[in-house]
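Dropping the structures in below, format is structure tokens.
Shared between the two complexes below is chain A, which has chain B as its partner in the first and chain C in the second.
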Partner chain A sequence: MTVNKKHKRKAEKTSWLVHIFFILFGLVCLIPFITVISISLTNEIELANNGFSIFPGKADLTAYRYLLENPKIVIDAYKITIFITVVGTFLSTLLVSMAAYSLSRKRFILRKVLNWYLFIPTLFGGGLAASYVINTQYLHLNDNIWVLILPGLIGVFNVFMIRTFFQQLPESLFEATKMDGGSEYTVYFRIAMPLSKPVLATVAFLDALERWNSWYNAMLYIRNKELVPLQYLLQKMMREVSSILSEMDNMPSGIDIKELPGENLRMAMLVVSIGPMMCFFPFFQKYFVKGMTVGSVKG
Partner chain B sequence: MKKKMIALLMAGVMAVGMLAGCGSTNRSSQSESSTKQSSAESETKSTVVESSTEEVKEEPVTVTWWMYGGAADEHDLVMEELNKLLVEKINVKLDLVMIASSEFDEKVRLASMAGEDFDLVWTSNWKNHFDANVSRDAFMAIEDIVAEYGQEMVASMPDGLLDVGKVDGHLYAIPNQQILARQLGVYVQKEYAEKYNLTLTHIDDISEMYDFFDQIVANEPDVWPLLGTKGMTLSIETEKIYESLANGYVFIKKDDDNLTAVPEVIAREELFRTQNEWYKRGYVQPDFATVTDTTANAKAGKYICHLATYKPGGAEEVSNQQGREYIVIPAGEPYLQATSGQETMTAVNVNSKNPEAAVKLLNLVYTDKEVFNMLLSGIEGVHYNKIDDTHIQTVENCKYNYAGNAWKFGNQFLAYYNPQQIDGTWEETDKMNRESEVSPIRGFAFDSTNVQAELAQLDAVSAEFSKGQYIAEDIDAWMKERADKLEKAGLSKVVAEVQAQLDAWKASK
Partner chain C sequence: MKRKKLKIPHLKDNIQLFTLALPAIVLLAVFSYWPMYGIILAFKNYKVPLGMWGSPWVGLKNFLFFFQAQDAWRVTRNTLLLNFLFITVTLVCAVGFALLMFEVKSRTHVKVYQTVSILPNFLSWVAVSYMSYALLEPTKGILNRVIESMGGEGISWYAEPEYWPVILLIIKIWHGVGIGSIVYYAALMGVDSELYEAADIDGATKLQKIRYISLPCIVPIITIRLIMAIGKIFRGDFGLFYNVTRDQGTLYPTTDIIDTYVYRALMNQGNVGMSSAVSLFQSVVCFITLMITNSVVKKINPENSLF
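So, the complex of A and B:
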């Protein structure tokens, strides 16, 4: 919207091109969502006969009724996802910024060593098997909600990003605090952190998004049905269908297609799981984007 | 002001979410620990009771069994009940882990690389691949343990079945018993078969059904006579003459005692021509080449016929699965392939701490009707009701039913019949297994180690041409192009490798 207004003021002649472009772009983004909602509201048999359409011919709530017959699964999954996103993001941002702060202090003796220590693993990964062994056999984290939070809690890239930001802060500020009797913690919490809001917001936002969308660790480590996060629930359903379909010819016993969720049910599941996030996201985004840009202009 | 409000709102939402999250985990961990406690209590109780009656009885060993499939809602309840029975019979407990089909391979591979000590694991030649597992030493050689604890299950198998679980003379897996002999069949919706007076009871060639297909094309505009096959593993044309090896890239003729390896481009020529003809005659849906998910159409009953493997009771099973009546027309003759039986097996993990108990348990599940059926159908009166000695009816809204998994757990022939199944199906299947024509290379298993790279490339080329035979204008040109690309990907090297192994196998006989 703001973009369009600006264009109007600047050059009235080109504005209609811009309008058309953004209207088309908006439609391209919007149509798949509407189709998903429409599919979820269509009867399965009708779907097979008439194919997909943007507007459902006759609203049919079977899929939702089926889903909400057992809402506990979805609600549980929501709780888990919210928990790991909130706690994970909070812990991650705190630890990452603490590490970054230490590494940004020139007086820190181990600075160079730790920099390399953090840098090298970004070039060479240890592989899946190694982390699996560590998580299951040494830390005994399998089937534990912390396995969705602790591994990867410190993103090295984020550490470096925040470190660079800290390094740009005027050293004199820190010295002044010290002279007034503040400890390193005071400098970190009272000076460095408040001044770094933009970068912290960026890191936290990206981290939260990643956590909200993550499912792979849950697939590897979670067996307890009550600990399944939302995205894994979705992935599992979708992957299960495609896996069963691809093995159809091999299955000695044939497949029970009644057991496969129909297209409408799958889409209803999608709506239920991404719907609330889609409502919240614009607010989040607005908040964060503003925070970031305002911050950067000031800084 | 507005911004602040939103921020406040967000903070509120986050706080609530946090509380909710915490609450749920606390609850679940509490309930977990309480169940643990209670199970520990019951364990001690049971051991107390046992020790008073029987002084030498040891603490029961728990056998972990990894199986693929969806977990039932009342899984834990049935396991508890089943374990009472198992402890009483062989003093072993079962921890059955159901893993979703899409994750099974990945999870098993990781866990076994990490050295986890689960005991039994399901394996086959098409999922959680037996060969791959054996070649990286993931399975334990169990011939001695089976000789001691598994005599009964071995005795119940038809001749030669156990051999498919052997590699280099060592036994690595116990094949389950289900339909072994392979025969294809055309499953036809009964409604249409009756309407157009389809009376065939056996075919040798799919062209015998073309009259029926033509009638459908002419009179039923909303449906298609035939669901095309996605892969190339279901082919009446090829299987009439050939048996496949090396992921279907090399074949041998069924009646060829010289064991000459034939490349797939020759063996499948007939199949491609036939499928091309289906498309041109309008037997398959026009967009078949690009369709990825046919289940919606299948549910709507839009395919009158489809190809699948034939077995006794197959029509009833398919009718039940698809929710409409089907008849089946068997094609060709039943045939026992070189590795028939590898489709479903149970292996012992090399890191298992209790291989003896694991084999003992498998032996019991394999031979004990009571244990096997409780594992499949749950508790009598809760999950099913008995009609008579061999028939059961599951209750409505049943929360435990693994009957669809019967072919993955030992001996399917022990299963109770449900009302949709036909009496005598198991006996008939067993008879078919024992009486069908046997492959000249029965027991030969191709070792793909030397041609892994070629096979991967062949897969890539094959995928590129997948379903192209349906829509090709000029099928000869299409086949030639495909053959050239397969040749470049190393087809002849794979053929030569198979031939070398066949010759060595023949010499060793």
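So, the complex of A and C:
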């Protein structure tokens, strides 16, 4: 009995330390967010004198007022990001699952060939320069919104993941529909797709997050200021804050020239850009968790 | 008569299945296979008006240009060493994180800890670069203010390359350990709890249970993750290296990797040929490492191999 008790106490003690670890790690995860909000709420003069701090002294809304007076640039970026996320995710999930369905059907004679066709691009790539030359010189996709959507539309690992799921569905369901005179299209849209909603949702959420956070193709191909997505706007804001500021020339009333926003505006821009998403995505955490655990399937 | 024997079974179904796969086939042909053909640019002196095929062949000149410069050794070494560092340390951290998470018995606690630790992973590297900037900015940054308040002298972080391998490692772990541990945690949850109960009866300590039950159960997943990571050891995380270092030239000695080099060769110098050559070099070494790691794993345990 005493031995048992001792063991139990020992177990409790360890788990107490474990809690401390996770609370500390949680703070390390959250403090950067708090710091960014705090900087965005601090007056530029105070930032120049005292530097950044984790908690704001006196809340000052100058940077946000400045953004409110010049909303166009952020709103435009939001529109582009929402468009590429919604359209891109929809098309990607649809086309990927269509291909996955074909791959899952044993009667499809091109199954093996298609499998290799999809697998090879994960092993080899033409490299950045070849893609760049083709997209700009041959397809003329520069400064075209579709360059932010089309190139990454077929996520090969997603195809394999959904294929594995389709293969686990009972064959008899498909055959019954075929007996009733349904085509492969009917089976896909009426049977396979509705039954695989959970896995499709997982793929769609992971894809949406990636699209929302994408900036690479915009950096390569977008020069038109009206086609800049949020993340690229942020990147430009980090690298060339003055050129962005010159586009935002409406001054809110009652601001001293010394208080002209700089660092605080940068951080306010980050808050405005990632804030809504950070509030939204954690609610769909289970999809990301699922995506991680089923993601490692064989080719 | 013979033609009838060659008839494709379920012809109509096959046509329909082909049309379902067609958009994916076309998109990959345009955006993956066409650039693969475009790798001939590595052996050419690309001139826009002459096109990819029409530009003059220059043999291995682009490769020589790259390998004769000091840069080849520097970027290859940086890519390899930093990726090696990232792979090993993130693996250990993620497994450790999962083992600790496994000790947390309350479901609500697990949920809360997981949600918070995954949070950084929702950020793009661009957004992360803002946070590292808030920390490392030389005059206003939090880190230097802390150092100065303790009587030390601030460091101009963006001009001192020697600190960056560690800075990048910490940021990489901060960004990815939460999400990276999930796959191991899920595997631990799948372990038969009777094993632990039996160990308890035998009076096994926590560490013994980890050593003899938990770890052996997640070894298959660790191996497959490891091959995937080692197979990509010549591919760097462009977003991390480009944004978080703010592309500062002074940091190149330790932070310039193949991917950032390829990007600059193309976008800053407009050297299509050399950029392609370096990409081809990267693709080839990448492919070789993947084949080697995969065959090694196949020898040890065929179940865990990638293909």
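One rule holds for everything that comes next: the second predicted complex is superposed on the first by the 231 of 299 C-alpha atoms of A that agree within 3 Å, B and C clash if a C-alpha of one lies under 4 Å from a C-alpha of the other, contacts with A are read in each partner's own complex, and residues count from 1 in each chain.
Basically, a contact is a pair of C-beta atoms (placed from the backbone, for glycine too) under 8 Å apart; a residue touches a chain by one contact, two chains touch by 3 or more.
Note that the coordinates shown come from a computational prediction; the quantities given were computed from them, not determined experimentally.
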Requested in this report: Go through the superposed model and pick first if A:99 touches only chain B, second if only chain C, both, or neither.
Outcome: second
Report task. Applying the touch criterion given at the start, work out whether A:239 contacts chain B, chain C, both or neither, answering first, second, both or neither. Result -> both
Query raised in the report: Which holds for A:226: it touches chain B only (first), chain C only (second), both, or neither?
Result: first
Requested in this report: Kindly classify A:181 by the partners it touches after superposition: chain B alone (first), chain C alone (second), both, or neither?
Outcome: neither
Requested in this report: Mind working out whether A:170 is in touch with chain B, chain C, both or neither, as first, second, both or neither?
Outcome: neither
Query raised in the report: Regarding the shared-chain residue A:82, is it in contact with chain B (first), chain C (second), both, or neither?
Result: first
Query raised in the report: First (chain B), second (chain C), both or neither: which does A:145 touch?
Result: first
Query raised in the report: Of chain B and chain C, which one touches more of chain A's residues?
Result: C
Query raised in the report: First (chain B), second (chain C), both or neither: which does A:194 touch?
Result: neither
**Report entry** Set intersection of chain A contacts, chain C complex versus chain B complex
**Finding:** 47-48, 128-129, 132-133, 137, 220, 239, 263
Query raised in the report: Given the complex with chain B, which residues does chain A contribute to the contact?
Result: 44-45, 47-49, 76, 79-80, 82-87, 128-129, 132-133, 136-137, 145, 219-220, 223-227, 236, 239-250, 252-258, 260, 262-263, 280, 283-284, 286-287, 290
Query - Contact set on chain B toward chain A in their complex - result: 3, 6-7, 9-10, 13-14, 17-18, 20-25, 28, 32, 70-71, 97, 100-103, 106-107, 110-111, 113-116, 126-127, 178-179, 222, 229-231, 233-234, 292-293, 295-300, 302, 308-309, 314, 317-318, 321-323, 343-344, 404, 407
Query - chain C partner contacts - residues on chain A that touch it in the complex - result: 7, 11, 14-15, 18-19, 21-22, 25-26, 28-30, 32-33, 35-36, 39, 47-48, 51-54, 95-96, 98-99, 101-103, 105, 107-110, 114, 117-119, 121, 123-134, 137-139, 150-154, 159, 183-185, 188, 209, 213-216, 220, 231-232, 234-235, 238-239, 263, 266-267, 270, 273-274, 277-278, 281-282, 285, 288-289, 292-293, 295-296, 298-299
Report summary line: Contacts from chain C onto chain A in the complex sit at residues 8-10, 12-14, 16-18, 20-21, 23-25, 27-28, 30-39, 41-42, 46, 48, 51-52, 100-101, 103-105, 109, 112-124, 126-127, 129-131, 133-135, 137, 139-142, 144-145, 174, 178-179, 182-183, 186, 200, 206, 221, 224-225, 228, 238-239, 243, 246-247, 262-263, 265-267, 272-273, 275-276, 278-280, 282-283, 287, 290, 306-307
